[in-house]
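Heads up, the next two complexes both have chain A, just with different partners, chain B and then chain C.
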Partner chain A sequence: MTALRVLAKDLKLHARDARFLATLALFSLSLVLILSVAFGPLFRDPAREASATLWAALFFAGVLGLTRALDLESESGGGEALRLTGADPFSVYAGKATANFLLMAALWVLLLPCAAVFFDVGTLEVLPEVAVVAALALIGYAAWGTLFAALARGLKARELLLSILLFPTLIPLWIGAVKLTRSLWAEGSIDAVRDWVKIMVVVDVLGIALAAWLYETIQEAEE
Partner chain B sequence: MTSGIPGWLTRSRRVVWALAIVLVAASLWAVVARAPIEVQMGVVQKIVYIHVPSAIATLVAFGLTFAASIAYLATRAWIWDAIAASACEVGMVFATIVLVSGPLWARSAWNTWWTWEPRLTSFLIMWILYGGYHVVRASVAGNSKKTISAVLGVVLFLNLPIVWKSVEWWRGSLHPRSVTMTGDMRQTLLLSMAAWLVFFLAVFRERVRLEALRHAEEEVERAR
Partner chain C sequence: MTLAARDIEKRFDRRAVLRKASLELHPGEIVFLSGPNGSGKTTFARILATTLAADAGTVTLDGRAVRSALTESRRAIGFAGHRPLLYLGLTPLENLEFFGKLAGVSDARARASRLLAGFGLEEFSGIPMEHFSRGMLQRVALSRALLPQPRVLILDEPYAGLDEQGADTLNTLLSEARSRGTAALLISHTRERIVPGIARSYALRNGVIEASA
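Now for the complex of A and B:
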């Protein structure tokens, strides 16, 4: 219940900040455009280049989303108020991670058709599998991102700090997402790269397990 | 001001340093004069006597950071934070030696300075992450510094098994799964490992001592 309330609160904060959401959408679209131009106009392996572009744009734009959520909370004093309520730390984490996941999922919905059109790849038949791959990647991104964002809260240059911690940690997730999406777009199946599903699940579970163990400690450190 | 320094940091300090210097000098002598020149790679192969011990010292250091971070979270005793941060800092120096000596060796062995093979890539990722540990630690002020550092010390440790097992988990690794040497080569490698590990221990103790002095100074300031 607490998690749902925190989720609703974070989504409301994002919804009130429409200007930032529009900027984030335009920024991520610009990334897709820049990478498309860098790879094109003649693509050697369009499925590979499209999936790399899609996931690079999502990962970079995602950092801005993670830090913005923290800024909004500190501006409104919500974080302090949440701690005073004595809410279960993992429920707070779960609510925040879900809000971050939904924000990233919305970005994915925006960027996927752009990447598919710019690189002329993908079919509707593999869309459900592509969505499952995206869910695996974004769950891990939100799980680790929310954990690291809590660590970087209140620090100067937190976007940079978050990037140097988050990107190297999520490399297995990024490679998995790129390989699986490419395989689905180019070959229509993931048979050749199936092992990456297991690796992504392990990264997701580790992120959530570490948060369950350490999020309370991080919250205490902020007090 | 030195009242807060634990005894094990000052006890036999000179002995450890003397042992480290003698062992490092002996290992360097063995590398230059005793270990034979490898037939295919020539003298460049001798980098392995620095590269492998530095890699082991790096893993020991980051492993120590992990263990001390857990101990800090469990006890909140400042000494564990000092041990974690010190091990991590010395570990970064050894990790940098690994990253510099590796390409020098690779140029001769694999005909390239850098290749995106599993162990090289995972080691570089680990180096960036532990660099992040120091940046975050330097950015946090106040009481939360120790806790945030300890959480990072635990989280970042997840990379170590990946680096260690990368040659087994991923195909296409150019690193050997194990190093098999005989005769003088083997003895020189073992001596080098012992020498650089003792050197690590000596430097690590100095670094913890410095943290202990800082802590003592903070205590005095607080008492005023």
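Now for the complex of A and C:
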């Protein structure tokens, strides 16, 4: 129940912050639009360019989402009060990570049709597989992002630290998501790049396992 | 429950803020701690409330170190400090219900409604708090600390921002808590408006707690 309550609280806070949601949507849509213009009008490998654009936009916009989630916890001490309830730290983490995942998933739903239209790629037939790839990438993003956000909380240079920690860690997820999405859009299957699924699962599991081990320590290290 | 702090030391960078500060809070008593600005009152309060770790010394609850049983300790201690410790994007009722349920209070919503009504915030209970005044936030913050009916209350400058009616409500609630056996530590730089019936008074000077008149 703790995780569900934290999830509901985070989603409510995001949903009420129209300015943040508009910034997030406009930033990511602009990225997709600018890159589609930069790659076009004659695309050499539209599936590759579209998937790279989609995932670059998602990963960069995701940092905005994580930073906002960090600010919500620290601006009036809500995160400190959350600790003082004595709630199970991993349940708190699970709720926050799920909220971050859902925010990124909503962004993916917004950006996917734009990328598909701008680059003229993809069919509805492979949509379920593309969604599974997105889930694999976004679970890892949320798992690691929530953990690193907790680590950066309370620091003056938290946005910088978050980016420095997050992007190198997530490179395997980004490459995997790009390769698998490209393969689905171009060839309709992932046969040639199937190993990336295993790599992405490993990164996801590692992120969650590390959080289960370290989240309480990180939370208690805040002063 | 008896909360005891013994020989607490805390440094920030090279500056020693607390030097062997000790204090005991017994069930059903209200203790007052004063001290000038920058004397370390808030640091001491945060250490008692477990949001900050001491460099040396121990804080125990009925003889058991609070840091060795954080969940139980946190559920036994209610804390309100300088910051509201609330989510400003949520309404007062949503905040209190959220924190109350996480703290294991089954009738959190009903208790929250009663507390907000007592503090005169009934008509604001469904409005997100971004534009609340300092005094309104303080009332919600105190409600959050009082809602789980903790066995120990640590209130740092609890009267800050409160008008007469708010201060009276707080004093009434503190008297009720005392009659239930709750131990309370009221921390303030001034004794004005403090609840009558203070058991003992202390002052924090140069990082040490001394008995005070």
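Miscellaneous remarks
Here is the rule we go by: the second predicted complex is superposed on the first by the 221 of 223 C-alpha atoms of A that agree within 3 Å, B and C clash if a C-alpha of one lies under 4 Å from a C-alpha of the other, contacts with A are read in each partner's own complex, and residues count from 1 in each chain.
Note that a residue touches a chain if its C-beta (ideal position, glycine included) is under 8 Å from a C-beta of that chain, and two chains touch if they have at least 3 such contacts.
Values in this document were obtained by computation on a predicted structure and should not be read as measured data.
Once the two complexes are laid over each other on the shared chain, residue contacts for A:Arg16 go to chain C alone; chain B is not touched. Using the contact criterion defined above for the overlaid structures, shared-chain residue A:Gly78 touches chain C, although it does not reach chain B. In the superposed model, A:Pro168 makes contact with chain B only, not with chain C.
In the three-chain superposition model, chain A touches both chain B and chain C at residues 220. Taken together, the chain A residues at the contact with chain C in this complex read 1-2, 5-6, 9, 12-13, 16-17, 72, 75-78, 80-88, 220, 223.
Across the interface of their complex, chain A is touched by residues 73, 125-126, 128-129, 131-132, 135-136, 139-140, 143-144, 147-148, 150-152, 154-155, 158-159, 162 of chain B. Contacts from chain A toward chain B in the complex involve residues 147, 151-152, 155-157, 161, 164-165, 168-169, 171-172, 206, 210, 214, 217-218, 220-222. Put simply, chain C touches chain A in their complex at residues 49-53, 70-75, 77, 79, 81, 83-90, 94, 98-99, 101-104, 128, 144.
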